[in-house]
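Some structures to go through are shown next.
Shared between the two complexes below is subunit A, which has subunit B as its partner in the first and subunit C in the second.
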Partner chain A sequence: MSRGDTAATHAPSRRGFLTGSAAAAGVAVGAAGGAYAAHAAQPGPATDTAGLNGARTHDFHGTHQAGVTSSPGAHGAFLAFDLPAGSVKDDLRRLMRLWTDDARRLMSGAGALADTEPELATAPAGLTVTVGWGPKAVALAGGSEAVPSWLRPLPDFSIDALEDRWSDGDLLVMIHSDDPVTVSHALRMVSKDATNLATERWRQTGFRQAYGSHPSGTTMRNLFGQVDGTANPPLASDDFAARVWIQDGWLAGGTSFVLRRIRMELDTWDQVDRIGRENAVGRTVDTGAPLTGEAEHDEPDFDAVDARGFPIISDVSHIRRARPDDPSQRIVRLAYNYDDAPRGNEPAEAGLLFGSLQADVDAQFVPIQRRLAEADLLNVWTTPVGSAVFAILPGCTEDGYLGDTLLD
Partner chain B sequence: MSRGDTAATHAPSRRGFLTGSAAAAGVAVGAAGGAYAAHAAQPGPATDTAGLNGARTHDFHGTHQAGVTSSPGAHGAFLAFDLPAGSVKDDLRRLMRLWTDDARRLMSGAGALADTEPELATAPAGLTVTVGWGPKAVALAGGSEAVPSWLRPLPDFSIDALEDRWSDGDLLVMIHSDDPVTVSHALRMVSKDATNLATERWRQTGFRQAYGSHPSGTTMRNLFGQVDGTANPPLASDDFAARVWIQDGWLAGGTSFVLRRIRMELDTWDQVDRIGRENAVGRTVDTGAPLTGEAEHDEPDFDAVDARGFPIISDVSHIRRARPDDPSQRIVRLAYNYDDAPRGNEPAEAGLLFGSLQADVDAQFVPIQRRLAEADLLNVWTTPVGSAVFAILPGCTEDGYLGDTLLD
Partner chain C sequence: MKKSLIALAATAALALTACSTDTETGSDGTDAAASLTVADAWVKAVDDGMTGAFALITNGTGDDLTITGATTDAASMVELHETVMDDAGATVMQEVDGGFTVGAGETFTLEPGGNHLMLMGVTAPLEPGAEVSMTLELADGSTVPFTAVVKEFTGAQESYAPESEDMDMSPSASADLDGS
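Coming up: the complex of A and B.
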């Protein structure tokens, strides 16, 4: 019997949980986390958390995983694991049940099963725990015919200087929350539960603006000072759905995720004047408006020319190269800044954990990346040093577990 | 002419700034940061930030540095620098003027002088930038007779496994804010301005619960799940003042700061049952109440015994050993969690950046640390791997700069 099974006997029934206050679809503030936590063996201190951002929860269950359908929190951790040689399908199923149980409990504000520090779980602050698979995991679960054609390392790009230690992997866990303590704790629970079933391959952590720092809906800024993600569609829109969701097969309701670790050369970037930097991107730095517009979300006019007949937005600017002429090629960006202190012989390194969500990596992401690799003024100051591709599993029901569409 | 001097010619006069809205003493929400930012060369986008935590500012000027008089933010960065061989007093003065100017501007929500990413400074979120000196800097500024007797490496403790790379230093900058982007940006400005004047010796970054995660005033928890800092007095209390402030000499209005990097062995800690862990600390884990009490802030009763006559709070529990019988020995804790990912050949490491504020290291901190080193059940799972002692400079006036009581 897996630990995931054991959970059901000690915890309130999943049906009971779902018919309670936490069943309110999508996002529940306050009550949900507290209600579930009150049933846990060792609840945290009783405090009035109603209305606090810390008490904000996302429902774990649904057609899609909540880490894709919700705004990313201020803190993100990305962990890749490898399956040890000799892993069998039952091992993967066991791990998926464990991680499903962890995600279900932690996202509700409860400690994980046998959590030794459940007090660190009491403020989910919008926590999501999201699981993806690399090609080896898919093949283990469903045979090589189950592996999507796009689930493989990206083609080589001339701009890449990839390092193994930030690349590839058999399994991915993404953890997002507005609270860094919550992320640290969730990360630890996920890692502990992988013991003997998978080995950590890499771990990358990043940050965005804190909850409460800027008006709701403010686009994040990267460490170059630029707004980052302006072209993303609203989360619940048809456009978002069309870009992201896989429609058929065992991955229906899932998506794909590319994570590129992009080192940014802040020192040389800072030597460029503001006009040069805005020209490189195609947007003003202060408001993020395209150079042909007034406001951040104005549509860029790539045909506009200045008095001398030159394009106002350069043909090799980042937004021109990144923007597909074919709308079916669009992606959804999910990025975090990183700023790693020097450690041992490792120098300081800052940059962007650039994540991209799309239904089909080959049809959507690769054409964009190819155009950017061919010509993008930003390439002067950026170097991709890590790259990984994962299939993000569909969501699951209260009776199911992540990956069950292929493992069952 | 130093860059600090240049600042005065391009920026609004300091008097003008201080008679404006930002002069409202202590903490100003919203208006202050925005008002000053509006005078900056390249202000960020205009947004309605009134009431947002991101707009919260601490006044830079005053008798004390604001990083000591205010609650630490969710994110903390501690940077130590060394003065290069051949540094002269004028170099130190120049650096202090630069850092003073940086702190003054950044804490108000404006970019630093010649800031190439002022948009990353628009949400101070309670930012404080606090400067301290090691013995070499004090001697450079005022001769060896100006060095307080306690300003030297701590005595050796049997529990220590100190590494040079986390220890000592000629200068300290502490950066606290609720926003990780703001901390990253401030850290970069402070580092850039040290170019040619000081070299970075170490950098340690940590985190506490996020703004909005728990009710205001909730004591932080460390990665063992324990409440951490319960015994701290209220910030503006006489007790706080008596513990912290130096009364006489060039450091009047300043204090001392000990930073200990304490590695925590989470794996072995998690093997101890809850009763064992509560016994080690002397407090319950859930509420943080002493084992003889009901609520976190109840006074522990060290004389209470159980039915068999044994002390309820063990004589070798952490709270018993840390608590001085002599009230003049008390300190103020200022701690951050750290959870560093593996990098290169460096394994993952988690623990506590344990900071201690006190008027006199030898009279207050050392006796406590000596008792803890002799016997403290927590020592089984904790190892000090870094240690540094600094004199935290007094605050300065609008016409002054940090360190001017010794440098002028």
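Coming up: the complex of A and C.
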């Protein structure tokens, strides 16, 4: 399946419109003018005039789940569930059939079956509902031999201060939409249908720039003010596919997802001047261009030196440490900001729900995380406080359900 | 949009029923089955006692069709119920006289708080996500098999009408629909 952007009520589709406008005019639209000119395959930011965004839908069915193949909505919820002790395979099958039916209907803009508030489902706004499994669910469905070697908690990193309340889980549901009411309703249906079959372990919600605030396709900013996610390949590209999709076995068409909750110390970040901030990341704050370039998508030049012979992009900057020398180690980022109120005696907490998609956690994500744990100037202001790893199930057909490649 | 939503809903209903039709459908009711279609069928989860089944029933023919009864292995008895307002202003459910008539080309809605199929004497726990095979009986003697999915549901907790004259044979008639 290609990306499932199907604008049911307006033609041309939103994505078709974006592609068409970029191709036809070759124009650099908006404030980031020219930033993406070198990336012909990636439609640049463009104002969306294609119609009511609430009516926008993604196809549920296909080789892959739509939450991976589409650009993430402005609002995201990540829910982890645990399977009760004594769960059997048929319990998981029944839950997957229920969640599949919910996702299929809600993503189309219809209420779920037995939905007591179907009116809350009428504006999907690009809703996606995506399901993943932890090792216990995989073993329940297909035995321990079905559990991929990478499906386990990440190794310990020196920078981690992980809390159980944000970590691990047997099942994951990712809900993305441009409309927060739609997200809330989908979340409610998924939770209701888990009754007696799974218990919610944690819930993390986040946000990106709202739909319509910036031209569609603009790279998001995190709460440090940084352009965040520039290195992602275009969604339908071969590069994206090579990084993300599992090719063989029951997970063919699926992928893996790491969710790291990264607390960001806004108070101490405030004390850093702009030069210090840009040095820590290796990019300018205003455009996100590498310090050696002019535009966001320019390739960083890690060999460039200044008049005194020092690297322009620091060897311990975030982009230098995060960038693999081995292209096979690359990942796809799927991030949301969070900004949570104080709880009890704990202060307010802001940060990034840093999601990473890759075919193999151990081969792609872990080497990057290991390098960042060893040295990354950003570590001064960031602390991972949650960590979870899931297998994202392949998509399913109209006759099937999520997880059927192992449950049937 | 509307058209595509309806198509999707129909597709979803088919998908829900697709996997368990091998044994139950049998050879009966073939004539009416082609004309009366059941979509979005679901049953409220209970461990025992009574529960309700709900669906959208569409009459694709040019003639009115009347549903006179329903059966399922999941319950010892199924009745056709309507929800009415009693003298005190409370909604109560009672067996309907003369069955459910589905007008030609129309869709008849079975829903919580409205018309529904009442399952009494549930034979085994109905667990969320499980599927229940049911059959509608029509006035012309034909039958329409369909599959309903079990859903957890706490809405529309109507009380059952215990004094209904039609119900004198049911010892559990005063229990709540909720059954808990």
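Rule of thumb we're sticking to: the second predicted complex is superposed on the first by the 354 of 408 C-alpha atoms of A that agree within 3 Å, B and C clash if a C-alpha of one lies under 4 Å from a C-alpha of the other, contacts with A are read in each partner's own complex, and residues count from 1 in each chain.
Going forward, a residue touches a chain if its C-beta (ideal position, glycine included) is under 8 Å from a C-beta of that chain, and two chains touch if they have at least 3 such contacts.
Fair warning: this is a prediction, and the values are worked out from it, not measured in the lab.
Colleague: For A:292, select first, second, both or neither according to whether it touches subunit B, subunit C, the two together, or no partner.
Modeller: Once the two structures are laid over each other on A, A:292 reaches no partner at all.
Colleague: Which partner chains sit in contact with A:116 here, subunit B, subunit C, both or neither? Use first/second/both/neither.
Modeller: Both partners.
Colleague: If we overlay the two complexes on their shared chain A, which of subunit B and subunit C does A:274 touch? Say first, second, both or neither.
Modeller: In the superposition, A:274 touches subunit B alone.
Colleague: Classify the contacts of A:208 with the two partner chains as first (subunit B alone), second (subunit C alone), both, or neither.
Modeller: first
Colleague: Per the contact definition in the header, classify A:105: touching subunit B only (first), subunit C only (second), both, or neither.
Modeller: The second partner, subunit C, only.
Colleague: If you stack the two complexes on chain A, which partner ends up touching A:358: first (subunit B), second (subunit C), both, or neither?
Modeller: The answer is neither, since A:358 touches no partner chain.
Colleague: Counting touched residues of subunit A, say whether subunit B or subunit C comes out ahead.
Modeller: B
Colleague: Contacts for A:93 in the overlay, against subunit B (first) and subunit C (second): which applies, first, second, both or neither?
Modeller: A:93 contacts subunit C only, not subunit B.
Colleague: Looking at A:180, would you say it contacts subunit B, subunit C, both, or neither? Reply first, second, both or neither.
Modeller: A:180: touches subunit B, not subunit C.
Colleague: Based on the superposed arrangement, let me know which partner A:232 touches: subunit B (first), subunit C (second), both, or neither?
Modeller: neither
Colleague: Considering only the contact definition stated at the top, list the common interface residues of subunit A for subunit B and subunit C.
Modeller: 116, 192
Colleague: Could you please specify the touching residues of subunit B with respect to subunit A in the complex?
Modeller: Listed in rising order, the residues of subunit B that touch subunit A are 42-45, 47-49, 52-54, 74-75, 116-120, 122-123, 125, 178-182, 184-185, 187-188, 192, 200, 203-205, 207-215, 218, 221, 223-225, 266, 269-270, 274, 285-288, 296, 337, 339-346, 348, 350.
Colleague: Which of the residues in subunit C come into contact with subunit A in the complex?
Modeller: Within the complex, subunit C contacts subunit A at residues 1, 4-5, 8-9, 11-12, 14-16, 18-19, 40, 42, 44, 54, 112, 127-130, 149, 151-153, 155.
Colleague: Would you mind writing out the residues of subunit A in touch with subunit C in their complex?
Modeller: Going through subunit A, the ones touching subunit C are 8-9, 55, 93-95, 97-98, 101, 104-105, 108-110, 113-114, 116, 192-193, 195-197, 398-401.
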